[in-house]
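Report on the structure given below.
Naming follows writing order (A, B, C and D), and every chain is counted from residue 1.
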Amino acid sequence: MSRIVIGVMGPGATATVADCDAARNLGYRIAQAGWVLLTGGRAEGVMHAASQGAKAAGGLTIGILPDAPGAGKQGISEAIDIAIFTDMGSARNNINVLSSDVVVVCGMGAGTASEAALALKAGKPIVLLNTDINSQKFFTHLSQERTFIAEDVAGAIALIQIILRTV
Amino acid sequence: MSRIVIGVMGPGATATVADCDAARNLGYRIAQAGWVLLTGGRAEGVMHAASQGAKAAGGLTIGILPDAPGAGKQGISEAIDIAIFTDMGSARNNINVLSSDVVVVCGMGAGTASEAALALKAGKPIVLLNTDINSQKFFTHLSQERTFIAEDVAGAIALIQIILRTV
Amino acid sequence: MSRIVIGVMGPGATATVADCDAARNLGYRIAQAGWVLLTGGRAEGVMHAASQGAKAAGGLTIGILPDAPGAGKQGISEAIDIAIFTDMGSARNNINVLSSDVVVVCGMGAGTASEAALALKAGKPIVLLNTDINSQKFFTHLSQERTFIAEDVAGAIALIQIILRTV
Amino acid sequence: MSRIVIGVMGPGATATVADCDAARNLGYRIAQAGWVLLTGGRAEGVMHAASQGAKAAGGLTIGILPDAPGAGKQGISEAIDIAIFTDMGSARNNINVLSSDVVVVCGMGAGTASEAALALKAGKPIVLLNTDINSQKFFTHLSQERTFIAEDVAGAIALIQIILRTV
């Protein structure tokens, strides 16, 4: 039987220090819980920090890259165990959310917003972390049942555990 | 040289009457302006109404379907001239926005939100029509320079004309 | 109702003069027959020549590009009316064949072979033109019912007409 | 640093007993060598047998599914550790080959042929196992440098080892 996969999605080059700190901590705890971490795989921002956190706790990390092999501008995060090369740019965002049992959105940006929206479209639960009140209102309005808001990393982990029990 | 393509994106089965009325009118005026209309191609909601409007004005309509040929649940809109079958579900949303010179977002929903976000991610201008204040705030916050808000269909057409002059 | 679309697939930079001559003639006759021409859209090889032929006869040409807007190495063929930007590299080959009522394979190469194979996988008929005996044996072995072999361009057009009557 | 990934591609429902026996043995030896196994992930044919073989040797198995979660006709192989859901049908074949360091083609069919061709198009080496002389001629003609022919499973493993030393 396939393992539980938790996706962590967030800004790349435009991620804030707070986004990355939260992502690193989140990745660490996801690995500790025995879940597989799935990210966008690049060596920048939230995806990089989450993957580094997961490796620090001995976890397994999957990166779904928008690039062809060898073509990534910032390259692959060295904290990625399995690199899936899609060569399909932002269209790979749909694969990220379809392949995650729960999607944690850490920080916000145009690409991240598309992942949150695609997740809701596919019926996947999302946990919002480190997002502003506008984003929280917008996604809650799109789907009240599947949008969860976490106060901090510990809260996000608690929400994931609750969601996994009900799916 | 390839023709100017205007994308109209909006809810399918969950579209309101107001969304569809605006979309039909918009499609009509897009065709009148000599632009090609691009939609998601299904026989429902905003994509269907916009395509019908464009055909009523003798325009050319392209539908980028999420389905394989013959597999569409609601089938293809009969107002589509050229059906592009992607068989890639919501990942085709990225193709919709990349192939449009301007993306008009008419109404709101999870799929539509993903298209607006993917458009901004790709550097495409979006025109919001028939959207609530939350959506307007959210996308304006994602990109102030590329998010335009239209009061009505005439305003949307005027904004498209201004945007096309500057790109 | 959507129009009949004939796909012409073949090598890009590695196309032979004979491939391009056949493609240009084929594009011309496809447009004369009132069918829409669909190609890979780039300004090189078979796709370029077929599109030029179709425009010379006043036809409508659709190009499904592997690139993002503005990123194409050889750019878009100026003979393309509607450019669909997929930004998904060779994965767009599946869209090419799904969106064509009949796929004409003109010349051979690795990308072209993938399109012929994807067409057969999707249950689409293919017409082989300007291909060697090995290719003819290989694809006929994959699907005897859906692989047709044309002696020349006139033969390819005749085969398309027969196939369209039966689907 | 990301791990070495070996892809095993072959027929699903139409696989022969010989294809599946070879695939199971191959998966076992891939896992023994410490490589990650990547397949199409469904519970049928070559992908299923290879994944079962890899699990029998305690390996890690990745399945790149053509389906959305929950939509797979034959379901996911229970021998898959990490299920990547693409919901993009045969277009996912390109992801399979881009994400594999070496692609082993075991048996032949239309979908498998598309994977072999897409691999060569992307510059990936392929090892042909359990294929007829027509297929061997066809792919060798497409790329003499990157098409390798294995007599049996032991030969395929030896070829993979040689190829990995040179890339």
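Assume a residue touches a chain if its C-beta (ideal position, glycine included) is under 8 Å from a C-beta of that chain, and two chains touch if they have at least 3 such contacts.
As the structure is a prediction and not an experimental result, all values here were calculated from the model.
Bringing chain A onto chain C by least-squares fit of CA atoms involves turning it by 180°, to the nearest 5. If you compare A-D with B-D, the chain pair joined by more contacting C-beta pairs is A-D. Each chain gets a centre from the mean of its Cα atoms; for chain B and chain D, those two points are 39 Å apart. Spacing of chain A relative to chain D, judged by their CA centroids, is 28 angstrom. Looking at chain A, one finds that residues 68, 86-91, 94-95, 122 touch two or more other chains. Interchain contacts join each chain to each other chain, per the touch definition above. Of all residues in chain C, those touching chain A in their complex are 68, 86-91. Chain contact summary for the complex, chain B toward chain C: residues 1-3, 5, 36, 60, 62-64, 68-69, 76, 78, 80-88, 94-95, 98-99, 122. Across the complex, chain C is touched by residues 88-95, 108-111, 113-114, 117-118, 120-122, 132, 134-135, 137-138, 141-143 of chain D.
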